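Take a look at the structures listed below.
Next come two complexes, and both contain subunit A; in the first it sits with subunit B, in the second with subunit C.
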Partner chain A sequence: MFENLLVQGLSGLASASSLFLVASGLTVIFGVTRIVNFAHGSLYMMGAYLSWTLVTALPRGHLGFWGGVLVAALIVGVIGVLIEVLLLRRIYKAPELFQLLGTFGVVLIVQDVALMIWGPQDLLGPRAPGLRGAVEILGVRFPLYELFLIAVGPVVLGLLWLLFHRTRWGTTVRAATADREMVGALGVNQRMLFTTVFFLGSVLAGLGGALQLPRESVNLQMDLAIIAEAFVVVVIGGLGSLPGAFLAALLLGQLQAFGILIFPKITLVLAFLVMAVVLVVRPHGLLGRPPASAHAAHVVEPPYPPATPLVRYLGFAALALAVLVPPFMGEFALIVFTEIAIMVLFAASLHFIMGPGGMASFGHAAYFGLGAYGAALLAKHFAAPMELGLFAAPLMAGFAGVVFGWFCVRLSGVYAAMLTLAFAQIAWSTAFQWVEVTGGDNGILGVWPSAWAQPKLVYYYLALVLCVGVTLLLRRAIFAPFGYALRAGRDSPLRAEAIGMDGFRIRWVAFIFAAIAAGVAGGLFAYAKGSVFPTYMAIPRSVDALLMVLLGGVQTVSGPIVGALAYTWIHEQLMRSFDLWRLFLGSVIVALVLFFPQGLVGAAQRLTERRK
Partner chain B sequence: MTIALPRRAALLGAAATLATPAVHAQEGPIRIGEINSYSAQPAFLTPYRNAWMMAQDEVNAAGGINGRRIETVFRDDGGRPEDAVRHAGELVNNERVALLSGGFLSNVGLAVADFANQNRRLYVASEPLTDALVWARGNRFTFRLRPSTYMQCAMLVEEAAKLPARRWATVAPNYEYGQSAVRWFKELLTRAKPDVQFVAEQFPALGRIDAGATVQALAGANPEGIFNVTFGADLTNFVRQGSTRGLFERRSVVSLLTGEPEYLDPLGDEAPEGWIVTGYPWEELNTEGHTRFRENYRRRFNTHPRLGSVVAYDTVSAIVGMLRKSGGTETDAMIEAMRGLTFPTAFGEAEVEFRAIDHQSTLGAYIGRTALRRGRGVMVDWRYADGRNYLPTDEVVRTLRPQG
Partner chain C sequence: MLEVEGLHAHYGRAHILQGVTLAARQGEVVALLGRNGAGKSTTMKSIMGMVRPSQGQVRFEGRDLAGREPFEIARAGIGYVPEERRIFTELTVMENLDVGRRPPRPGQQAWTEERVFALFPSLGAMRARPGGRMSGGEQQMLTIGRTLMGNPRLILLDEPSEGLAPVIIERMADAILALKRDGLTVLLSEQNLHFARLVSDRACVLEKGQIRWEGTLEALMADEAVKQQYLVA
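For the complex of A and B:
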């Protein structure tokens, strides 16, 4: 018994080491550049693929293997530098989180490029020379390579500590992590600093991937499989904190190893449960520190201008088109139009907390999905008609907003965003695993509209009225005193509190509003599709919402609407027309990011301002 | 042209034509709307699409169906059921396809099946394994080709019951497929051998197995037999950790799908030996039909066929057989033609039938043991398990599937 538990613990340590390697790169990059680097998983995957190519091409033996691993990590570092210089460097001044959009474009491109280079079949690398076998620990066999990995984690942590505490470059990096503006003011070359930090982070990601070669198969799903977990580790540890990341990786590795002994089905959600608990107890992670000082805070956004006559005119024209044209279009066009209307509302609801509220959400799909499930569960278990289902959707989403929001709005920045993600994943795994009620991943079928709304045209108008109506209500709220109070809390929390505004309550109410609006969108989506699945609240849908808001321009009120139109339309067209649609979509996103760093509407606003 | 047709088919065709006076021009090609997770599951679906094109070209080169060519419009759902439903709408309304086909993931298959039911279109599901597709949530418009989770479990249980092992442990990916496979295995094995005991179960997240910890957790329970449902990357990692840690030594392993080249090939010379698996022994299978299929495939794509290739080829064969029998593309006529349709399989075994009772085909799978030959995994001592022998009795099926 004891020997089994001991070896179980050792297995947990090995997983923790692998996780730490990836997370360390992510946390170093985030600490200095404040970039939420979605492409970190892609760098990890490239490390694995490149090392596979090198190790299988080089002669067998120690030099061929370890050389291949190191060279692969260095190549990944160079790729990271290219991404930084060609893409990210150009958009550091963009609004917070905008870089996320660019790195997501990179993720899509890498997925298709890897498929083209290495083919669809999983690849199995050779085992590490000298570490092929196993040792007996109290009579239980344990792989040598896992022992080696257990050692790699602390060694890398130690080397990084030396690098950051014993070299001039490392000191500068730590200074920049603490206070970027001050370091810039002292004359440190920030460009060089950012590029080298990106190189280091990418090398660590590449090394993490390459060292998996003797352990796991190399496959095209590696990137997305690791990225969420890596972020969880970084956030649990505290953003930018290397020892924190190490501690978090240890914690997760051990909880995973022992957790599955008691609850074998907990694997889906364990990491997110731990993150939720840690963030509720310690809002800045285990070893993270609150942002240093007030002057390091972000630049205050300009107030939203009320709609100019031109914008009003354009808005009315678009609405007139949306009302008048569809009767003359085919059924499929109506399906797409309905979907676009729903996505406009979904994006607008996320923008409501993200723009005026200043609080990004990585888990907004939870409320969309809960709305859909609210409607579908009523239909399934009580045979409720559509009218009732559409009423239940915002209720269910709103209720989740009340509960989750209460925890989330206490936090700020990426911590708050990750806590929303944790709650979304908990909701997702509930829908996924509670098979008796939700049907599990096979979903709920037969959620079709009432007879009168069956014709696609009628349903389209129903969706249009609800979506435009709720979107306009959200817009009204932004320009109402409530919206001003919300923005006051975002831009200057201290002053807002000083004049008697309850920042927590205002943000909480805003969060609930956003959840309700997303729930309306989710309910409509359920009846448009006829079925509901856990994918409705999975991470990709949350990412879609973020992309739409960022693409349109988070600092504008019409941004999410334009972003939703553009993204849904481009996505649908490309997916239908090209086999390599991810490559095209990724390239389009990267191009848009480079040319419109304020988002589409932000760029349009600048253009008109310049004309004046 | 009519002379070449069997008489009954010609008559049926004429009846169908009369029943639907000139809905579509009879001269144009017959279009099939094929929806699959091409970008999300390339390892299975690239060989699938290859064989699909091969089958389609062969049919068209032989003169098509009563002179009409067949054409396929491919759509990628990216693994998301909601996108698959949108594509289905587009294929039916814009591309004017006569029927829908495809599906890899079970939830995508169920979503498209429900769409087909609502929009009264024929859907030939090729790959989704979930039992719900033809049983609990079966509908009049949906047919499924591959042997279901239940059938494959029944095939394995037959072998597992012969083993001396009494203490069993299970490991399966944490989603519907894995859960129902484990449930059926437990139920059927207990029925066959009431004294078995299940001492441990592991449900790693799909694609994110923590192999070391999972292997250790299984070993800790010290089972005599292991039932494995993991596949793809999870399987590879599980096998690596399991072999190094000696999990499989002196233990019987029974494993779903592991004999399929999609999952056996990537394991290379680390493929486990002596596992009892379902799969596809493409190299040794030398029936006349399969030899022809394999050589044609190799000539055209310069690689050997995978199981996905067989699934696609057989789906096209079934659709073509159905179209020949229905004589038109009117949905009701096509459904009538599908019910009880027999068609040849690329395995070269006995003809396969789409059962009228639950719309499940009787396509089988191969059962055998894994072994290493020339540095890669193969299946040995295999036999064909005909699907029709591994389905519940008709009375039971009627209770499983909504009737009416």
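For the complex of A and C:
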């Protein structure tokens, strides 16, 4: 018994090491550049793939293996520098969400590039020369390579400590982490500093990936799997804190090692619980500090103009088209129209917390997906009819909104974005791992509408009525006193509190509203498709919602509607005509972030304003 | 050495600097005076490139620096000592000074830690102390020392006397006079007339983003009308 615990603890330490390598790079990059690099997981994956290529190509033996691992890490460093110079350098001043989104574009691009180069199958690497065997610890055999990994973590931490405390470059980096503008005024070229920091962080990620080679197969899911964990580690440890990342990696490694013994299905849920507790007790993580934003100029968003006659006219025209045209359309077009109606509501629900609420959510798909699962689970286990399912969907999503929202609305900026992402990952992994109930990867099939709603046209009208209705309700709330209070809390939290508004409560309620609305969309989606899958809650779907909102423009009320229309259409076209749609979509995202930070509607408004 | 001409700056839509024109000759200490919110700090940040001027010129030793980035302006030889001091609180005194270090210009005696400690002896006694655990006066000395480590030819000192005890203020004045003797040019923003008089050769009075008056400190002290109009709160 004790021996087993020891072995579990040791494997936990070994996983902690690789996690720390990745998280340390992420946290160092964030500390200086204030960018949360979603593509960090992609760098890790690149490290694994590149080392596979190098190690299998090079002659066997120590030089071939270790040389391959190191060279792979260095190449990843160069790739990181390219990403920094070509993309990030141009968006350092953009809102956090745009940065997160831009780097997510890179994730998509890297996925397709990796698919093109290495193919879809899992790749197995050779084992490390000299570390192939196992040692006996209290009579249990334990792989040598795992012992080696256990040592890597503290060694890298020590080297990084020396680098940051015993070199001038390191001192400058620490200074820039505290106040990068001041460092610039002292004559330090921030660009060079950022690029070198990015190189270091990328090398660490690449090394983390390369060192996984003897442990597990290399595949295309590595990037998002590790980034979610790395986010959790960095948030628990405190953004920008290396020792914090180390502590948190140890904690998470142990949690997962022992969690497997206790709750084999829900190891991620444990990690999340710890994160939630840490964030409530210490909102900036174990060893983190509140960000030094005192010097950043705060820009107050302009108020929403009420709809101009033109916009109103366009809105009515669109609605009239949506009502009048479908009877003359074929089945396929009806399916697309239904989906668009649902996506409009999904986007509007996210916009509700992002625009007026000023809260970034990177995991809004959780509520959409929970709505879908709420309906599907009732249908599967209790043979519930559609009417009941559509009622359960917003309930389930709203309940999650109550719980998750209570945590998320306490935080702001990237912390909130990462926490929402983590919650979505939890929801996703629960759906994915709890096979008995959710069917796991196979999803739940046979979620059909009631007989009266079976015809595609009828179902379309049902979806249209519900989606337009709820979207209008959300709009009403934006212009009601509640919406004003929400925006007041966003623009000047201190003043809002001073006049007696409970900002926390208002944001919480907004979060719950948004979750409920997303749940309605999710429920409708489930019956439209006849099935639900864990992907409904996966990161890409959260990003879909973000893209719709950002494409339309956060600071306009009609933005999410235009964004949903444009995005669903583009997406449909892409999926149909391109195999490499990720590559294409990723490039579109990057372009959007670089050239249209105001979104389509925002850009149109700018244009009309300039004409005046 | 420094000629600022017709400098305009905005924060968002607020038009803060509305054509500031001023100059400092080599080795001169010029005081920039004005009430709270007159735009003194903004003038300095605009010279430094930390606020991007929307119009105007900043000529330094013959080069126009307007629109350049702060690090380039620092490397051209302008040092900036911010009003909020902005010490790196996690870093020790020695490390703070190290971040400021830049190669000396030809013919200049390079600043070293020891030279900073000679100017501010109390800093020498706390080399390993983190910046966050120093008094306001010590932080003020450190922030000046950190800027000097960059071997500037001109320094912008934003309200160095703010919040300091009278004894420390006097020591600060001595230090500035010592820097002046070494040939350093200083542009000093102040609200404390008494302090400005101790160290400055000339004064420029700023009000609502424009220079309204210029002259010697003696002339200013004698001119009650100007004092009333632009300086007394």
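Following the convention adopted for this analysis, the second predicted complex is superposed on the first by the 518 of 612 C-alpha atoms of A that agree within 3 Å, B and C clash if a C-alpha of one lies under 4 Å from a C-alpha of the other, contacts with A are read in each partner's own complex, and residues count from 1 in each chain.
Note that a contact is a pair of C-beta atoms (placed from the backbone, for glycine too) under 8 Å apart; a residue touches a chain by one contact, two chains touch by 3 or more.
Being a predicted model, the structure only gives us computed values, none of them experimental.
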| item | value |
| --- | --- |
| Contacts of A:L123 with subunit B and subunit C, given as first, second, both or neither | first |
| Touched partner set for A:S11, first subunit B, second subunit C, both or neither | first |
| First (subunit B), second (subunit C), both or neither touched by A:N219 | first |
| Which superposed partner A:T56 touches (first subunit B, second subunit C, both, neither) | neither |
| Contacts of A:S587 with subunit B and subunit C, given as first, second, both or neither | neither |
| Which of subunit B and subunit C A:M182 touches, first, second, both or neither | second |
| Touched partner set for A:S450, first subunit B, second subunit C, both or neither | neither |
| In the superposition, subunit B vs subunit C on subunit A residues touched | B |
| Touching residues on subunit B, where the partner in the complex is subunit A | 38-39, 42-43, 45-46, 75-76, 78-83, 85-87, 89-90, 93-94, 106-107, 110-111, 113-115, 118, 130, 132, 137, 174-176, 179, 201-205, 207-208, 210-217, 219-220, 232-233, 236-237, 240-241, 244-246, 262, 265-268, 270 |
| Of subunit C, residues touching subunit A in the complex | 11-12, 48, 50, 69-71, 74-75, 80, 82, 84, 86, 88-91, 95-96, 98-102, 146-147, 150 |
| List of subunit A residues in touch with subunit B within their complex | 4, 7-8, 11-12, 14-15, 111-112, 115, 120-124, 133-134, 140-143, 145-146, 215-217, 219-222, 225, 229, 256-257, 260-261, 264-265, 267-268, 330-332, 335-336, 339, 432-433, 435, 440-443, 445-446, 448, 525, 529-531, 533, 535-536, 540, 572, 575-576, 579, 581-582 |
| In the complex with subunit C, residue positions of subunit A that touch it | 168, 171-172, 174-175, 178-179, 181-190, 295, 297, 299 |
